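Note that subunit A is present in both complexes that follow, paired respectively with subunit B and with subunit C.
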Partner chain A sequence: MTAALNSSEPDAPDQTLRASYLAQVWQRFRKNRIAVLGVWCIGVLVALAILAPVLSGNQPLYFRAQGNTQFPFFSGLFNRLLFESGVDLFFNLLLVLLPLYALVYWVIRRQSGVHFHGRYWRVLGALVGFHCALFLTASVEQLGSIQNPLYFTETVTDYHALQAQLEAQGHDVDSVFPMRPYSYRQTAPLRGLEAPSGDHWFGTDSEGRDVFARMLFGTRISLTIGVIAVGIYVGIGVVLGALAGYFGGAVDMWISRMIEVMICFPSFFLILTLAALIEQRSIFHVMIIIGVTSWTGVARLIRAEFLKHKSLEYAQAAIALGLTQTRVIFVHILPNAIAPVLVSATFGIASAILTESALAFLGIGDLTVASWGETLNTGRTQEKLWLILVPGFAIFFVVSIFNLVGEGLRDALDPKLKT
Partner chain B sequence: MKAYILRRLLIMLPTFCGISLIVFLVLNLAPGRPGAQQQSTDLASDLRGQSTQESFQIFREQFSLDKPILFNSRFALEPAELEHLLKVSARLIPATAAEQIAAREALEDFGEYGIPHLVELIGQADKTVRDNSGNEASPAASDSAEVAAARHIRDLGVYFLKLNARRPLVDPFNSAPSDELRAKNQRIDSENAEIREMSYALDAPEAEKRAILDKWQAWYGERRQRYEYSSLDKVRVFFLDTRFARYWRNLVKLDFGVSLVSREPVMDTLLSKLKYSLSLSVVSLLLAYLVSIPLGIFSAVKKDTPGDRALTVGLFMLYSLPSFFVATLLLIYLSVGSDIAWLRWFPTGGWQSQDFDQLTTWGKLKDVAWHLVLPLFCLTYGSLAALSRYMRTGLLEVIRSDYVRTARAKGLPESEVIGRHALRNGLLPILTLLGGLLPAVLGGSVIVEYIFGIPGMGLWVIEAIYQRDYNVIMAVQLSSTILVLVGLLLTDLSYALVDPRIRYQ
Partner chain C sequence: MSADLSPLLTLDNLHVQFRTDAGTVRAVDGVSYTVRRGETLAIVGESGCGKSVTSMAILRLIESQRGEITAGSIVFDGQELTTKTQEEMRKIRGNDIAMIFQEPMTSLNPVFTVGQQITESLSLHRGLDDDEARAEAIRLLELVRMPAAAQRVDEFPHQLSGGMRQRVMIAMALACSPKLLIADEPTTALDVTVQAQILELLAQLQSELGMSVLLITHDLGVVARVAHRVAVMYAGRVVEQANVYELFENPKHPYTAGLFHSLPHTVGKQRLRPIEGNVPDALNFPSGCRFHPRCALRIEKCRTQQPPEALFELRSPAPGTPRSADTHTAACWVTQEQPERDLLAAPEERNA
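Right after this comes the complex of A and B.
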């Protein structure tokens, strides 16, 4: 007993001292079982979003007939007739390259061994950066004078019909299709508004598109909307809030007035107006609009934190050392002030998803992508139960997951708040 | 207190200006123009059917769409610029159809500022035509390319001159004009009528064209002074003859202009719509507070009991439920109009029944209440979670304080301790929330009004957005902003009611 006490006692306080602030937060967060479950659910959602084409699509992964072997699925991933939206392109690229990324990650991890912890974010950042660069390259039609190999349109073969035809002629056909045989954009005018069945798990919408596939691909849209819109407004809010809090005086006055002006807007009106005024809006327009109209909360948080941290010793020391102001702001103070923003960003993802589906519900979204709100609106006008319940619960599920994780983060960041 | 309110109102002014500037810029810089569908793109048909073109021009003038957005420097126009635009619109320079249309619009929008240059250009072109035309009888046949171009520019120039020389009526939507105003408008009208006669068909004989051109020169000679600008004029024009200045001038007069679609004054419609939206929002906020305060007290008093936990979870679920989903479900399952309803308890939507006018006052009240149950529920339930949570936290903090312990120690019953001593201080945090809740409720009412077909501001603004009815969008945005500002002021004042320690000086 005494020995155990003696051996553990010098260690314990040391351990907590050594653990960084974020690590402490993470430890508290892990104790909240519901929030951890929420994180797992987000993981599942991301997996669903990446794997969506494997779960539902009309191009076979493998097709062999008359001694001829084809893999139409993989070229189909980059066929603009099958996947038009940039969001789909991003996730399809990710689907193809994920094994490669996992390999790179594993190799680096093995090599760096114990010292890996510090490099964790850098490796992850490099991979994300590489992927985004690749995505941007892939979304341009021409690279100089060369036709982009990842940008092509090709007539889509109906392999189900082909297989049926070949089998009727007595040929042997070997094929592996995705789990559900429907693409989310494939319309079937004669099979509109079918109730859920073994064939269409969640029924079909008014144009005969498979609702299950649309829900699956809608996950991609919702997650992207949440992350990018929040990314944009956290960026704007952090910069403006940091400037206001750090410099004070006239800068603070002007930025605070700007914040005040934006707060008084019923922001949904503004978003609605902006979205409606853009002709041929894409889902990225919606993200940008949500991003540029919702930064006030983050700016206020960061401003308050900077006001507090500016006078603390470490910040004063950094200033006294003669570091550039950019360095003091972004390298020294910001990492200490960013924690409350994490909470606000998590709740922000939930509300961005809500806003996007509300816009789509009003018919002011991007009509080319599979948005949950749009399906819900079809359900409203057609009075079909499955077209209301399925997207409605999908939105509810995702929104409440992000809210749960946000609550967990808030409790973990500031245990005093938990009453 | 009065001084404080006054100071707050003064601070609101710059905020309001900032908001109006943002709304204005968003609407005016956005691509896509109102009324564009009224315009035909065929130049030849326009030269014949000039009245349609003129009416489109009048439409643009009425809504100041022909003015520059923020600053007007058209007094410094160069004749070469106009010549270039004329050539583009006559396709003497290779141009796409879009460029041609843009050039024609620019020429039309220059208005009075283009007139001196147009007169000059027409004079030059006419001189070229006169010097070179040999055969008076059939001039077109013998023209060289240069002369043909000059002729084309001259004829087009007369067309644009005629469009731009026309002057808009003063205050055209004034229903009770003074005698002076009426006389002024009559003068402008007769002048416009005179101008309307001063045009010719493209295939008119050269002598007739000459006569008209001479008339134009005489016309311009008489009014030369009107088109010369002193430096003071230039400053005035630069800042004041713009869309923004006109918009603000009208705003100060509380005049939001006329709806581009219904052609009715926006202000009148706005007031009638405000009735619905405002009562919906205010009642919803009241309800939210009335329900969440007891809920918050309950969970604070019964802290960590199963009841508290269940309430927190339940409210959290409600908070995550999108209101358009709930509204759709309720409408389909609980309303009379739906085919698959379980309980036909509530009307399909709207504000009142068709036989509303025959009802007694009590009956009217009941009718409206019956229509509002579902919309109010959908608008309110989302804010319950945040409000009751804050109420709970605030109250728990107060309950721990010394004076509450003292109150308990002196033997007061628990209801007295909570209700009289703790509650007031516990209310402060949720009063602060009112400021943020107001824009959210106003924004949320868009969706609720859309689904339930309540003819309030939300439904109106959605329709206006679909039709690009700028004046309506602007009016709704600004009036809702004013509502929010007033709400924020009321929030601050209500602190004083709840907490006598707060004094505003």
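Right after this comes the complex of A and C.
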């Protein structure tokens, strides 16, 4: 019976195409060497961002003196005096917990065997959700009467000085320090504006802070800016665009007019004005401002896709199966409509990084974080070449990388585009 | 056909309108028919006659496409559907009434595996967990005679042929054992050999599961193969209803007869006689009988007065059906005045 049916169905399925849509896109993407190189570069950037404290910091990973073993690096990761910004808290948590996450993922992958592909995504989503929840909990200063332990005033021991002192006293000291011995926030008023040397690879800025360390930690800021700002505006754009495209009529009318009004503002000046209005700017304000002003493009893309997809039969079939409208919109139509947004989001990350750098360069960013634009601004005011070249090249590099990957993604998602 | 002939779905004088920029389109204009338990009712008609809109109206899917039920009633299993909220309808869709669509190429979601699409409705309406739903999905694929069901369940729609996709659609529709299956041109997009298999499958499943099928098609060959009763629609109205034997032997509406004349014959030498003209524009239907501008038999009355649906004497009763339930109605002034007239006769005779 089976064999008979198989042979009588004329267009038998192509067995070589045993792959999901994403896997097919990846297959096409892999043929674009430069874009693949770009993905590797992004991987390296992410690794640098996570490993930044190991590469540059003043707390030893391991310190042994007078029969007393200490690991000041790990407690230092959550010391509010060493790392002030929330971005650092997020990445430091990730640095500590990443092995655990990898283990959980591996175990679940082993256990679920050949089950549905959706399970991997669910596990990945759960891990990301868990980490964000942990980060948010850790960022809250006080919950009811419980004081967050991370907010207790702590002292910072200068282990370099301690080691020198103990060795001078004739003690045996065994220690492992991060690759470079400077914290990105450690000021040295007497060593300001030093040119690059073997000690300070990229020199120091006007307050004597190590530029190499600031570049490293700036990677965290740039990546976070890119991902969160784009996440915010893709979120807003997708929801508004989906509602406009799916429901049409009055909903579409109102949302479309809203989009048109937003488009009328020159976006950089709008961002500049909004940023200037906030007195105590943090880096998260900057992300939110970029996010809430840039959603129009995504909304229009998604709206157009929904207009096309809602009348396709699979959408009608999903409704006819009795699924809720929310499910039809976000589970059935959205994955089919999201492709162009992926491309525009990749370009968006590059442009968000550029916007933040521009704000910091103009002195309207968050002055407490180690942003590349801020170093660039110092270089401009102090007229020091290395303070301009190093962050300038970093920004150029990251923006180019994301644009190359975006380009590769666009070609992979739309095979017809290639001639 | 099962012995129980109580009505499952009754449409009474249903009117559906669409508001467009050009004016109001009366896509369905007073349609009445009944689907009984365990029977297959075929709705036949040209493109644009309102047969699909009627089925979309039953599931109340037309509201999302700016359509509106302006009059009439739809009674399904004792419940009036026209007054239900969309949320109440959602619980009926997929659960009590399921639908399969014309294009198997586009009616499956390309980003999900076959298994995921089938299990979705299982976990929604029947509350099965992941593993139970997967086992049930495989069982359903086997039910629709999907070869190698246990492997196919993890494949994506683009890996399947058209016939296999239509089997998946049917499996999805059968997931919650619906009382009524609406099949909107289920075989139109398929190869002829696959068509036969799918029709065979539908007929088998219907007798195995005892559900009712509302089959929408323009293909009289399909009708002859699987339908118990037939309703012929033209320009938003039902023009003739009878059991399938009676309709093929003894049509009483010139439009139905015209459909038969447009079919190629395998015996004898007859030229095809297509129906002249086109389906009228839904924005302004002709007065009187809507078929009169294309009808060779028209009389003066047809131009001005709409013919009522009248009962005709049954020449070929359906086997196993009580006579009281087996009626033949048609809406035509000519045949009502000359009930003995044979519309299938060759044209020379008819002119004589």
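Just so we're on the same page, the second predicted complex is superposed on the first by the 389 of 419 C-alpha atoms of A that agree within 3 Å, B and C clash if a C-alpha of one lies under 4 Å from a C-alpha of the other, contacts with A are read in each partner's own complex, and residues count from 1 in each chain.
By definition in this document, a residue touches a chain if its C-beta (ideal position, glycine included) is under 8 Å from a C-beta of that chain, and two chains touch if they have at least 3 such contacts.
Treat the numbers as computed from the prediction; the structure is a model and nothing was measured.
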Partner chain in contact with A:D174 - subunit B first, subunit C second, else both or neither: neither
Subunit B versus subunit C as contact partner of A:A317, first or second or both or neither: second
First, second, both or neither for A:L362, with subunit B first and subunit C second: first
Contacts of A:D199 with subunit B and subunit C, given as first, second, both or neither: neither
Contacts of A:P335 with subunit B and subunit C, given as first, second, both or neither: second
First (subunit B), second (subunit C), both or neither touched by A:V261: first
Contacts of A:L272 with subunit B and subunit C, given as first, second, both or neither: first
Subunit B versus subunit C as contact partner of A:D158, first or second or both or neither: neither
Touching both subunit B and subunit C, residues of subunit A: none
Residues on subunit A engaged by subunit B in the complex (per definition of touch): 257-258, 260-261, 263-270, 272-274, 276-279, 350, 354, 357-358, 361-362, 364, 373, 376, 379-380, 383, 385, 388-389, 391-392, 395-396, 399-400, 403-404, 407, 417, 419
Contact set on subunit B toward subunit A in their complex: 14-15, 18-19, 22, 26-27, 30-32, 303, 316-317, 319-322, 324-325, 328-329, 331-332, 338-340, 392-393, 396-397, 435-436, 439-440, 442-444, 446-447, 450-451, 461-462, 465-466, 468, 473, 476-477, 480-481, 484-485, 488
Of all residues in subunit C, those that touch subunit A in their complex: 59, 61, 64-66, 90-95, 98-99, 101-103, 106-111, 113, 115-116, 120-121, 124-125, 130, 134, 145, 147-148, 154-156, 158-164, 169, 172, 191, 193-194, 197
In the complex with subunit C, residue positions of subunit A that touch it: 1-3, 5-6, 8-15, 17-21, 114-118, 249, 311-314, 316-324, 332, 335-336
